[in-house]
Structure formats: C-alpha cells, structure tokens
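Order of writing sets the labels: A, B, C, D, E, F, G and H. Residues in every chain begin at 1.
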Amino acid sequence: MGKPEVKRDYTLGERLYLVEIVKGLGITWKHFMKNFRASLQKGPHTVPTCWQYPWDKREISPIFRGEHMLLLDEEGREKCVACGMCQRVCPAKCITIKRGKVKEGEEAKYAGKTYCASFEIDLLRCIFCGLCEEACNKGAIVLGQGYELADFSRQACVADKKRLIGNFLRAKEEGRLKPKRPPVPVAGAKDAKAAGPQKAKSAGGGQGKGLKRGV
Amino acid sequence: MEAWGVALIKVVFIWAWTLIIATLMTWVERRGSAMIQDRLGPNVCGPFGILQPLADGIKLFTKEDIVPEKAKKILFALGPIMFALPAFSAYAVIPFGDKIVIGGKEIILQVADVNIGFLYIMAIGAMSVYGIVVGGWGSNNKFSILGGLRSTAQLISYEVPFGLALLSVVIIYGTFSLREIVLHQQGTFLGFLPNWGIFKQPLGFILFIVTAYCEANRVPFDLPEAESEIVAGYHTEYGSMRLGLYLFGEYVNMYTLSALMVTLYFGGWHIPYIDMSKFLGPVAYGIASFLVFFLKTCFFLWLFVWVRWTVPRFRYDQVMSLGWKSLIPLALLNLFITAFLVQLTI
Amino acid sequence: MDPYFIVFFIMALGAAIFMITAKDALPSALGLLTVFIALSALYLHLSAPLVAIFQVSIYAGAILVLIVFVIMLLTVPSERFQLFQRNMSYRIMGAVLGALMTALLAIGLKGVKDIIYKREIPEGFGHPHLFGDFLFRDYLLHFEVASVLLLVALIGAIYLSKKKA
Amino acid sequence: MMSGFETIVMYLGMSFVAVMGMLLISHLLGPFRPKPKKTTTYECGVPLLDPSEKRYSVKYFLVGVLFLVFDLETVLIYPLAIEYKALAQYGWAIFIEIFVFVAVLLLGLVYAVKKHAIDWD
Amino acid sequence: MGDFTMFNGLTGYILLASLLFGIGAIGFLTRRNTLILFMCVELMLNAVNLMLVAFSHFRADMAGQVMVLFIYAVAAAEVAVGLAILIALFRHVGSVDVTRFDALRW
Amino acid sequence: MADNKDNNSGVIKGPGWILTKLEWLINWGRKRSPWPFPYGTACCGIEMMATLASGYDMARFGAERVSFSPRQADILLEAGTITKKMVPVLRRIYDQMAEPKWVIAMGACACSGGVFRSYSTLQGIDKVIPVDVYIPGCPPRPEGLLYGLLKIIERIEKDHPLYKEAMKFKESEGGRICNF
Amino acid sequence: MQLLERIKGCLGGLIIDISEFHGDIAVEVDRFKIVEALTRLRDDESLSMNFLSDLFGLDNKAFYEKPKKKAKKGDAEGEEEEKPKELPPRFEVVYLLLSLKTNERMMVKIRVPEDDLEVSSVTSLYKAATWPEREAFDMFGIRFKGHPNLKRLLMWDDFPAYPLRKDYPLEGRGEERSLVYGD
Amino acid sequence: MAQDYVKINIGPSHPAMHGTLRVIAETDGETIINAEPEIGYLHRGVEKLAESMTYHQFIPVTDRLNYCSAIPNNVAYEMAVEKLMGIEVPEKAQLIRVIMMELSRISDHIVCVGILGVDIGALTPFFYLFIQRETIYEMFEWYNGSRLTNTFGRIGGVEAPLFPGFEQKWIEFKPELMKAIDEMDKLLTHNRIWMDRTIGTTAFSAEDALNWGFTGPCLRACGVKRDLRRDEPYCMYDKFEFDIPVGKYGDVFDRYWVRMIEMYESIKIIDQAIEMYKALPDDAPLMAKVPKILKASEGEIYSAIESPNGELGFYLRGDGSDKPYRLKIRPPCYMVYQAFGELVNGEMVADLIACLSSLNVIAGELDR
C-alpha cells in the first residue's frame, strides 16, 4: 500500500513564510477595524455580525418550530378533538392525550364533540419535527416560536394543556401567530389549480426581514 | 536605607504593574480576538467586560484543587511555581522608562540596572523550561508528558537562535546593560533613520521575534498546548490556581518579551527626532518616557494577539527543522555580517 | 558571619545531600538545580556576575536540561532498582573515599591562610568587559580549542546515537 | 550603595512570596470534596490503556545534545562580543576569531543536518 | 577550629567546595542510577568551579573565572558524549542501572 | 447522585456581613467565568459550535475558554446523544471535574433520549450524572442554549459556596463552625 | 446488452435466483461461492463491478412468518402445517456492487441459515468490506471466515445480543454497560 | 529494544474527535506506528428504529444522521422511498431539493473546512465561515422552520415552495459567502505553514481509495473524477453545468482544496436552479400524488445520492406494510473512516488530527 509521493512546487512567496503571513494579518486587521469602527459608531457593545441574545433578540422565522401551542378558534373554543392523530404520528412518542366527551353545557368551551381532558407534551422528548402539526386535520396543534425552554427539572419541561393554550394566547396577543400555510399543489390533482391563485403569500411570509444583523 | 526604600518601591511597583498588564492582556486578547473574528468577546462582566480577568481569577482561586492520584505529588506542586517564578522575575532588568527626578533625587526607571542584564534574561528564559517539564512530567498523564517533551525540545531549540540574535545586538552596542543599550539608540543614524536597533539589525529582529514567539509558546509555536492534539498539553491535569499560574505566566512572558523587543530594537523610550528631555520637566519627562515605552510595548503585545489569531500551527518536526535549518544558519549569517560591518566601520 | 553566605551555604549543602539521596532521578535533578542556583548566588557574591549567569544558563539551562531530558526518556518509575550499590564493599568504599577526600581537602585549608593574601579588589573586577578583554588577550587559543572540543563532542554524540544498535 | 543584584534578589523573593501566597489562598478558598475516581488520570474519559510511565522516544534526545553544544558556544562568544568594538581596534584578529568560531559551529550544524539528527524520521 | 572563624572568607568557600566535592564523590560511588552518577560528576565539577572563583576573587585575578568558562565547555562535552553513550548502552541493556553495565563489549 | 446539588435549600442564618460579601464575590467570579467543557457528541454539538461562533458568541458571558480538560472546566455542557457505550466516559469525565461543577443537558437526546428510544441510547443523562439545567429542543436554538446558560448563572448566584463548606466542616469535625 | 443478460452470462451456474425491482437487479448466489462470484463480477470485462458500495446483513425471520398469517386470513392455500425447516435460510448477506466504468449497480446476496452462520469474508477482494463485515457480525452474529479482525464494531465488546435481529426488541433487553469498566 | 511504543488514546471526548470518535494510536514519540479507530460511541440504533416507524415518521430521524447537512439525508431517504414505491417527483420540487441540497452542501463544507482550520490551529477562518453558515441556517429556517434538523421534504415532493424573499436573500448572500471563502483561501491556502501541514500528509492513491470504498471529496482528492451528480444523475442534476474538482495525491491539502472548489460549484448550481425555478409557473405541483398511508410492496431497492461527504445510499426493503422491513444506510464516511488506520500509519500525531478533520467524519452517520 504505497502512499503516493507528493511533489508540489512552492512559489517563492510561499516559501518565505512572512509574505503570506503579512497578507493574512492584513485580512484579520481589516476585520478588526471593521468591527472596531462599528463599535465606535454604534456603541461599544456591537459588532455587525453578533446578536446579543438576552438584550438584542434576533428575529426568528415566523414558522420556526418551537414550543407547541393548542389553538382556540375565533369563539374561544378549543379546537382539539383528541383524535390522537398527532400522538400516533409523533416519532418521539412524546404526546399523551386523555380524551373526554363533551358534556352538556360545555359546548362553548370545545369545538368538537370530544375534547382532550389532558394534553401533555414532554418537551424533553419532543424533537420539534412538526409532524404533529401536519397530521392534525383540525389545525389544533401548531408549533410556535417559543425557544426559551430551559429549566431546572424534568417536570418543569412537561407542557400541559394550560401551558400550551397559554402559549397560544400569548402568541396571539403579540401577533406572532403562524401564517397559514396554503396547501401544497399536488401533481395530477384537480384542485391543484384551485390552490394556485392564493399561493402568493405562502409560508414564511416575510421578505427576509429579520435577516439583518445586529442592531 | 534610602536606596533600599527606593528599590523596594520600584520592585513593588513593577511587580504590580506586570501583574496588571498581564491581567489586562487576557482581556485584550479575548476582546481583540473576538473583534478579529467578528465576535464580541466578554462584555457582560463590568464595563466592556474589563472585569473578566478578575472574575476568572476569583473563579480559579475558589476552584477545587485536584492532585491526580498517579501524579508525582512534589513535582506536580512544583511545576506551576517553577513556571511562574522565572516568568515573574524576568522583568527585573528591563527598563520601563528613562529616569525621573523627585525631590532632587534621580531615580532610574528600572528595577536593577545590572551589567549583565542581558544574560540574566537569557538565563531566566532557560529556567522556564523546567516549569513545563516538571509540570508535564509530574502530572503523569500522557498528554502532559508529550506536551512537556515537545515544549522542552522546542524551547531549547529556539534558545540558540534567540541567543545568537541577541549576540549581534551585543556586538553592536558592546554592553550587557539593557539601559545602556537604550541610551545608545538615541538620535539618528545615517542622517535620517532613527538610531534604532531594528534598522541596524533587521534580520536579527525578525529572528528575534520568531524565536520570541516560540519562547512564549504562542501560535504558530503553541505545540506544547496544542489544544486539538494533546488536549491542553502540559497543563492538562492542572486546575484551580495552579492552572492560573501557568496561564498567567504565559502572559507575563509575553509582556517581558515585548518589552525586550522595544528595548533592543525600538529605541526604548526614545521618540525619533524628538528629544523629550529638552522641553519636559524632570517629572514630566520621567512619566512621558514611561508612557512612550509602554505604548511601544503595547504594540508588540497586540502583535502577539494579532498573529495568534491569524496563522495556523506548526507541526513538531517542522518547528524543529525551521529552527535548526533556517533560523540558526540565518542567525549565524547575521552575526557574521554584523561583525563584519562593525569591523569595517570601526 | 555573613548571612548571605550562610543561607546559600546551607542551601547548597542541603540540596546536594538531597540530590544523592533522592529516590527518583528527577527530584534528584531538581536538587542539583538548587545547588547550581545557590552556587550562582555565591558567585555573585564573589564578584563574578558573569560566571554566575553562565552557571545558570549553561549548567542549569543547558546541561541539566539535557540530563532531565534523558531522565524523561529513559527512566521508568515502575522500574525500581535499589537506590544504592548492592555490593557492600562499594558502599563502604564510596563512603570512606568520599569522607577521605573531604577530609583531605579540609585539612588543606589549614595552610590556606598562609598562601593566600587578600589583595585589594580593583574597581570593576569581574565586569564583563574585563572578562572579555582577558579572554581575548590571554586565552584566545584555549577558546578556539574549546570550540573544537565541543564540535568533536557533538559529532561523537550524534554518531553514537545514530549508530544502529 | 544598593547594588543591582540585591534588588534582583529582592525581586525574586517577592515573586516567590507572591506565587506561594496565591497558591495558599487558592488552597484555602477552594472546596475539597474527594470522591472516588475524581483523581484518576484524564485520558479522554476512558481508563488508562496502559500506564503513562513509559519510555518516550529517544529521538528527542539528539535535539538536547545539539542544543547543549550550541548554547554553550553561543554563551562562550558573549564575553568576546561585549568587547568586540573595543577589540576590533586592534585589527582583524577578533573578527577572524569570531569567524572561526562561527565556522566551527556551522560545521557542527552541517554535520548534524547531514546525519538527519534534526529530522524526526 | 580557629581557622574557620573567618567563615565568610575564603575558608568558608573552600569548606563548601570540599564538602560538595565529597558529597559528589560519595554519590558517584554509591548510587546505581547512571543519571544520578552523571549529576554527581557535575556536582564535583561545580565544587571545583567554586574553588576557582573563590580563589580568583580573593587573589583578584581574573584567570580563575576564565578557567571556569573552560570547565563549562569540558563539562558540556562530557555530558553530551556521556549521555549519548548511556543511551546507546541503554538500548542494549534496557536499564539505567549501573550494575547492569558490566559487559565490556556487547 | 444529586448529592451536592440541592442541599442549600435550608435557610441560611447570616454568618456575618464579610462572609456574605465574600460569598457574593465568589459567586460573582464563578458566574462570570463559567468555562464550559463542551461535550458535543452529535447534532447538538454543531449547534453548540454555532453558539460559540460569531453570531451568538457565548464568550460574552465569559464562557470563551472552552476547556477540554475536566480539571479546568466549570460546566459540563452535554450536547448530544449519549449512548450506552458512552456512559462510562461521561460519568468519568463528570467525576474528574473539579468542584464546583454544573451540568447542562442540551437537547432532547441528552435530556431524555429524544426520538431514539432504542436499545443503545441512554434515556437521559440524568440517569448517570446530576443535571442542573435541561434545555429541550432538537437541537435547541443557540438562543435556547444561551438561555440555559443564563439559568445556570441564576443557579450559581443562589449558591452559598462558603457556607456549604462550613456545613461540611461541621459534620465532620463535630460541631466546629469555622468563622471567616 | 442489458445488464441482466451480462450478469447471467458472467455468473452462469452460480446464480440461484435473479430478480429485478424498479431497475435494481438482485442476484442470489450460493453462499459458499460468494468470493468466486464477486471475483468474476469484478474481473469480467463487460461488467467490471470493481467497487463494493456496501455490505450488510438482513434477518428474514419476520418476513417469512408474515405469509403464514396472510394465508390464515386469505383463502388460497390450505396448508396449515408449514414446517420451519422448509423456510429458506434465515439470514441474508447483501453485497452492493457498482461498476465505475459503466455506472451500473447490482446486488448480490447470499442466504445464511441460522445454524451455520459462517460465510467467507471478501476483505481480500475489497478492503471496503472490513467494517461492514464486522458490523454484520455485530448486528446479526454472522461470522466471516478470513476476516482479519472480526469483533464487535458498534456495540461494546461484551454486549450479549445481536440487536438487529428481528427477535430483539427495539428498546433492548435492559443491557447496561457497567459504569466501572476497565479499572 | 528497550524502548516501548506509547499507546495514546485519543477520544472520545477529545477536542478534535468531534465528541464521539476514538483512535487508539501507538506512537513512537511523535510518529504513529499503528492507529486503530474505534467507533460506536454514537450508535443510536437508527436502522432498528426505522423498522418500527412508518416511512413518513422516519424522515425526522434521517436529519440526525449527518447533522452537518441534514437535507441531503432527507432527500436521499425520500428518494429511496419514492423509488421503492415508484413515485415521480414533480420538477419544481426537485429544483427546490437541489437548491436546498446545494446550500447544505456549502454549509457542510464550511463545517469541514472550518474545523480543519481549527484543528490545524487557525481559528479565525472558522469564524468567518461560520457567520456565513448562520445565514444559510436562516434560509432553512425561513423555508421550513428549523435551522439544523430540517425534516426537509416529504415523500413525493416538498412541503412548501421557496419563501418569497428567497431569491433576494440569495443574491445578497452570495457575494458575502464568496468573500468569506476567498478570505479563507487567502488566509490559508498559500500560507506556508498551512501548506507544510497539509501537503503530503496522509496521501492516498486512487487504487487504494477505490478499494477501500472511498467516495465523495475524499475520492476526488485522490484524482478520481467521480460524482454521482454527474455519473448517475438524479434530481435533474444533468441539466446543470458544473465542474467536478479533482485533486492529485489525496492528501489533506487536496481534500481541503476540493471542498473549497466545490463550494464555488455549488454556488453556480444554485444560481442555475433558481433561474429554472423562476421559469416554472407559480402553481406547478410540488407534490406527487401519494396515498395518505404509504405502503410499499415487497421488493428491495438501493438508491444513492452524492451527499456532501460522498455516496449516501439507502437500501430499503418493503414487506407490504407501512414500515420498512429493513433499512440500511450506506454512510459515506463509514467507508472512509475504516481506512483511517491505513491513512495515518507512519505519519505524526498532529497529522492524525488534520487527517481526521479533512475526512469530515460525522459520527451520526458513521455509527447510525
């Protein structure tokens, strides 16, 4: 197993270490000056390519797959009917649902005939893949933008129904609800055309705003 | 008695000063490297994060002190001390300014102006090998030992060109006293150039700076602690303040070497074409010379940082062959040329 | 009594004794290092700063480094042979001889006072300039011979360690 | 008069005291919670494959020898170098002296390089 | 011990030198680790150096100091060659125990 | 397992102003200089790198000097899957870390095994080492990690470094409380 | 000429079964002749399958049991007594070959019965098979004769089971690696 | 001979070992006499897991294989399932796949080259590249909501069209990316230290490489011009124009250099793909018609794509149910890494690290 002989010619400039090193120093100096100037102009704590997390939060994509939320419809009724689709499709098996029958007089609270008596997502298990959102044909579960999930104990990282609905209410208040994704046009399907025109504002929405850096 | 007092003040002052500079250097290095890398660096700790070294220090002070069971206890304990001591002591003979006159008494801004200052630096430099070797060997960890071996080989190899480069300086100035060397660099030479060592010894300076980087274990010669190869090198097993001494000693070394560069090659406290002592009062002149010297030193400190974050690292055998096959012949050549020119111009 | 001398006297002596009694080679080398440093301090006292510095930079910084290097390469701490010679006669012989030498030398001291007279030490004695001058004037040839000696040593060492075992 | 050397010794003593003080403070302030395995040798998280008390390659040795000789020669020139300017007035003797010295040094280096004493393999 | 009253004088130095020399000699003859033997030799050389410097000081004669310089050269040469021999031996014997180096030829 | 973690819950009787200040100082130092041991084993490790890199720059919190030697690290930043084959390694590294030490479990795998409910994956590192902060996500955004770091800092602030020692001392030395 | 024909021409009598599915050709050969078959395929001018893309094992246990259930549900077959002996060998080893010359791929497979889990190694032909064979040993327990270093690859050395076999539960049988290993 | 070889254990938790690899190297001083890689520290049982998951559920798991570039893994898996079931993917979906795959190829190469730099001691270029990678992440995130583990695509197509600002974003991003790569190039490629470290280290001949099953950049570095995108075109790659860079000696430098050039080529491909994408009507289909519950017939297929690391193949066998009967992943770096001992023997310890980083071994797909 002979290793091939390697012969490469070095140019004179390469041979002398210093030339390239000085060039390299030039590049790093440029970067340094750029950042230094920026910090002179915009205050000492800024560099154009750095988001300072707790104070200067970066705008994240509206469809970011963060902490889940359970949606309420316009009349404030819970959308989830505890059909278990999300549970079944979840690859991490982190959703636990208890189904309850809607009793007389409670219709104002729930949209369907059944509801989830408890709905727990083990966030520590969840891999935020979004399959549950896709599977739910009621549109009841949606992945929100929450990402500050760290906590001290395992129990604190299990999101129960209250927290999930709370997430939704907060997101609604702050106007951070996810834009509705139009159905994807399917080949050969008749309704592909119908789905077409409204496609203009598709997923993602924003014109790449939030892609700017720094302050 | 008075002399003792002055000496004591100078000793304490320069010791504290070295300490402060080294501390600040860690901050400068971290912020500077961050800026170079489009980052921010520590900035939550005090204004501009300047208290970061302090926090690190406190953290290290209150960290548990582990002595590995396989370690050779005495050597393990001696390692950091033997590393830090030479590092801290080396500055004793380097001037940090010209002189200051207070109350009619002239005080030279140097801890000890000895007639062998030059060799003192070399001897102390040779001693710093022990700290690494003893620490690495004492840890009894393969990475440490490898780091220790590497660094020994590397440090001693570069001591030769280091010494030879300095030899040329000695030939030119004919003294071992660093203060006298600075005094020699006043004025101009050939009519227009400042009478600085760099212009008399351009090749020597390059050799010196390269070897200085090696002696300080800085990139591109940071093999003894090459993070990606041998974890943390010779100080893999060290934590708490012992580690602190190692890290600290490195910065002190950098400071000493930078000051040495200024002293030997960049005219110490002199500003070219301007004689500060002519128009400044004795006190002001002292302070000014101190500041000039310090600013020049800062540049070289910065250079250390700057180069560190620009170039990759050598491999062991490349360090060796660079040292022995390029630097030493070059240093000999330089010595020869210097001797020749001095002989001609005498 | 000169405290400076006493301190380093004790330091050198203690370190030397530690050196020959230490179990492992590396602590022993550190003992030797201490001896060197103490001696170098004494040289300073003897108005030989250059020698003092050379003591540190050559003995401590080069010769001992090489020895330490070899210690790191060769010694295996798990290899625990006896500290001292097994042969009793060696030991006794060593001790006796050593003591004898010391005694002899010390006895020689008795006459010292008569031979040596302390001259007035001239100004600048031991200054590097003087040293260089002296070296150049009187010992030029020795100097060259030393360099050749070193060259030969170098060649010998390389030859020996490159030789296929 | 205070000689420079005594100041240096003072400086050394001060460094020593400070370094020891640092270690002492750290020793006092640091917690101490011995636990099994805490003091085992770190080897990337696995137990020792084989003891680290082994002989390392002798190849490092030659560098040491080379260094010893070269360092010594360098140091030997120092006393001459300091007087170089003064001695140069007597003619070229000193130059030749240094030249010969350097040549001998170079000879050794050439021999070492020829013998691959510096190359790793 | 009337002669030692001037302890800081020449006699003190000679005493130290002879003691060091003796210790070195004892170590050299009794220790088994070859490396320590080397160190003992160095110690003995150092004792000689000390003597030279001391005499040079008290006689105000530079020759002693210059002599020391040459001793350095000799010591270095000795160590370089000696250690090289040691390593060559070591390759055969596999130990630095001096009692193992008993074959005159290998 | 979590022996040294949660025993500071008891009410602390003020041991004096100096001690309090000293504790504050020590805590300040510790929280401002949390050197991580980046134990990135899988995808989360990549995101951890992104956190260390320019955009998010964990160095701002002083966590710049990533130490790959457990002796020098304060926080074990476990990012990624721990398989059963890896368990002893993790445990050993945790053991070798010097006190005080904290552990962040980053990502679903480290916290609970995540999607890998399989024969070879450890279902959460808290089975072998005590965890201080869990960060859900797969992988968590760098912001999520930084938030976790802030949580650790929060935890450090509440620590009583000296008092705990005093307690230990008391236990072992028969009621002698050392006064600082 | 079509790949199928060329393969048939090349291997000839070595072929036990050959099938094509969505363009992928799978050839089954005698398990004792695998080295010969691969050598022929490699050295054949028109094929020159000189690149071993992958090699892995496969457990057919569940697969063979399935038709039985179907048969019960369905109506066609009446034989209820299916003897286990009549099942084809339980394990398969699949070799994925690629010709760098013609950019064609094919699969070669051999069947290994449960009671004689030994096949000859192809590491002498393709170095690339070194780890895949170890993995197949690790995961299925198939032993490769002539392999230079056949030991577990992915699981630790004293892992008691072969995890990819169909009768091994996904979440394992609770094997834990001891925390105190090695010292 | 009395001198022993020292066994150095490098990894698993070693700075250069990506957390999970382990090499046991016997060394003679600095020279490696014998190096043996040990893997399995990230064996998560993915193949077993696949057997208990539906075809659809498994997509998120494929993200976690090669986590430096999840998208090619997703696509490779989806293509395998599509091949098994005979599904034709619409053109527009293919174009989106191409764009995303090339973006993630760039991001993968960025990680590889950046880490190579870090391991050789040059930290700064890593940061320059990583900040560009952040933008790529951003594009992914705005496309489907995740930065790293994208769960991109669905069986039969993709889940969404490109977001409206995509092209604009790309146009803005492209010069910055090129600048960053240029800077890396200027900082390293001609730097003598870098050249000394990389040229000639762990060179490998083409025959050996083929015998060991090398693919991708590592193979191309050895001088074999093989790229599945050209040789077995999929996803309309035959419609794009791009070069395939090849090296000569297969040393670290060549691998580095091939990756650097490939980044430029990927940029070219993305440019072309965006043009083609724009030419398609807005409502062109993105998904093939697939049944709600995917069930494969009995049969076995193998389908491979050129992932950033090389040939990434999925062998699938269906048994008529909605779960794969057997899924075998052919990860590219698995084959490369098994030759690691061969590669580094006789080199120096520092080269081991450089070599490892230049191979871009991703433990996730290595151990599965």
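Following the convention adopted for this analysis, a contact is a pair of C-beta atoms (placed from the backbone, for glycine too) under 8 Å apart; a residue touches a chain by one contact, two chains touch by 3 or more.
If you're wondering where the values come from, they're calculated on a predicted model, not measured in any experiment.
Interface comparison, A-B versus B-F: the higher count of C-beta contacts falls to B-F. With chains reduced to the mean position of their C-alpha atoms, the one farthest from subunit D is G. One inter-chain figure worth recording: subunit B and subunit G are separated by 65 Å, centre to centre, where each centre is the mean of the chain's CA atoms. Note on chain placement: the centre of subunit D and the centre of subunit E lie 21 Å apart, centres being C-alpha means.
Inter-chain spacing, taken between the CA centroids of subunit A and subunit E, is 75 Å. Between the CA-based centres of subunit A and subunit F the separation comes to 26 Å, rounded to the whole angstrom.
Multi-chain contact residues of subunit H (touching two or more other chains): 1-3, 6, 9, 12-15, 29-30, 40, 43, 45, 48-49, 60-61, 63, 124, 127-128, 131, 149, 187, 191, 193, 208, 342, 348, 367. The set of subunit E residues that touch two or more partner chains comprises 69, 72-73, 76-77, 79-80, 83-84, 87, 90-92, 95.
Shared interface positions of subunit B, i.e. residues touching 2 or more other chains, are given as 34, 36-40, 43, 61-66, 114-115, 119-120, 126, 142-143, 145-146, 149, 152-153, 156, 159, 176, 227, 231, 236-237, 240, 309-311, 316-317.
Contacts from subunit A toward subunit B in the complex involve residues 18, 21, 24-25, 27-29, 31-32, 35-36, 39, 44-50, 52. For subunit H in complex with subunit B, the residues that touch the partner chain are 6, 8-9, 14-16, 29-30, 117-124, 127-128, 131, 187-188, 191, 193-194, 196-197, 348-351, 353. Every residue of subunit B that touches subunit A in the complex is listed here, in rising order: 32, 34-40, 43, 48, 206, 306-307, 309-311. Within the complex formed with subunit F, the residues of subunit H that make contact are 12-15, 18-20, 40-46, 48-49, 60-61, 63-64, 67-68, 70, 111, 126-128, 130-131, 133-134, 137, 147-149, 363-364, 367. Partner subunit E is touched in their complex by these residues of subunit D: 58, 61, 64-65, 68-69, 72, 75-76, 79.
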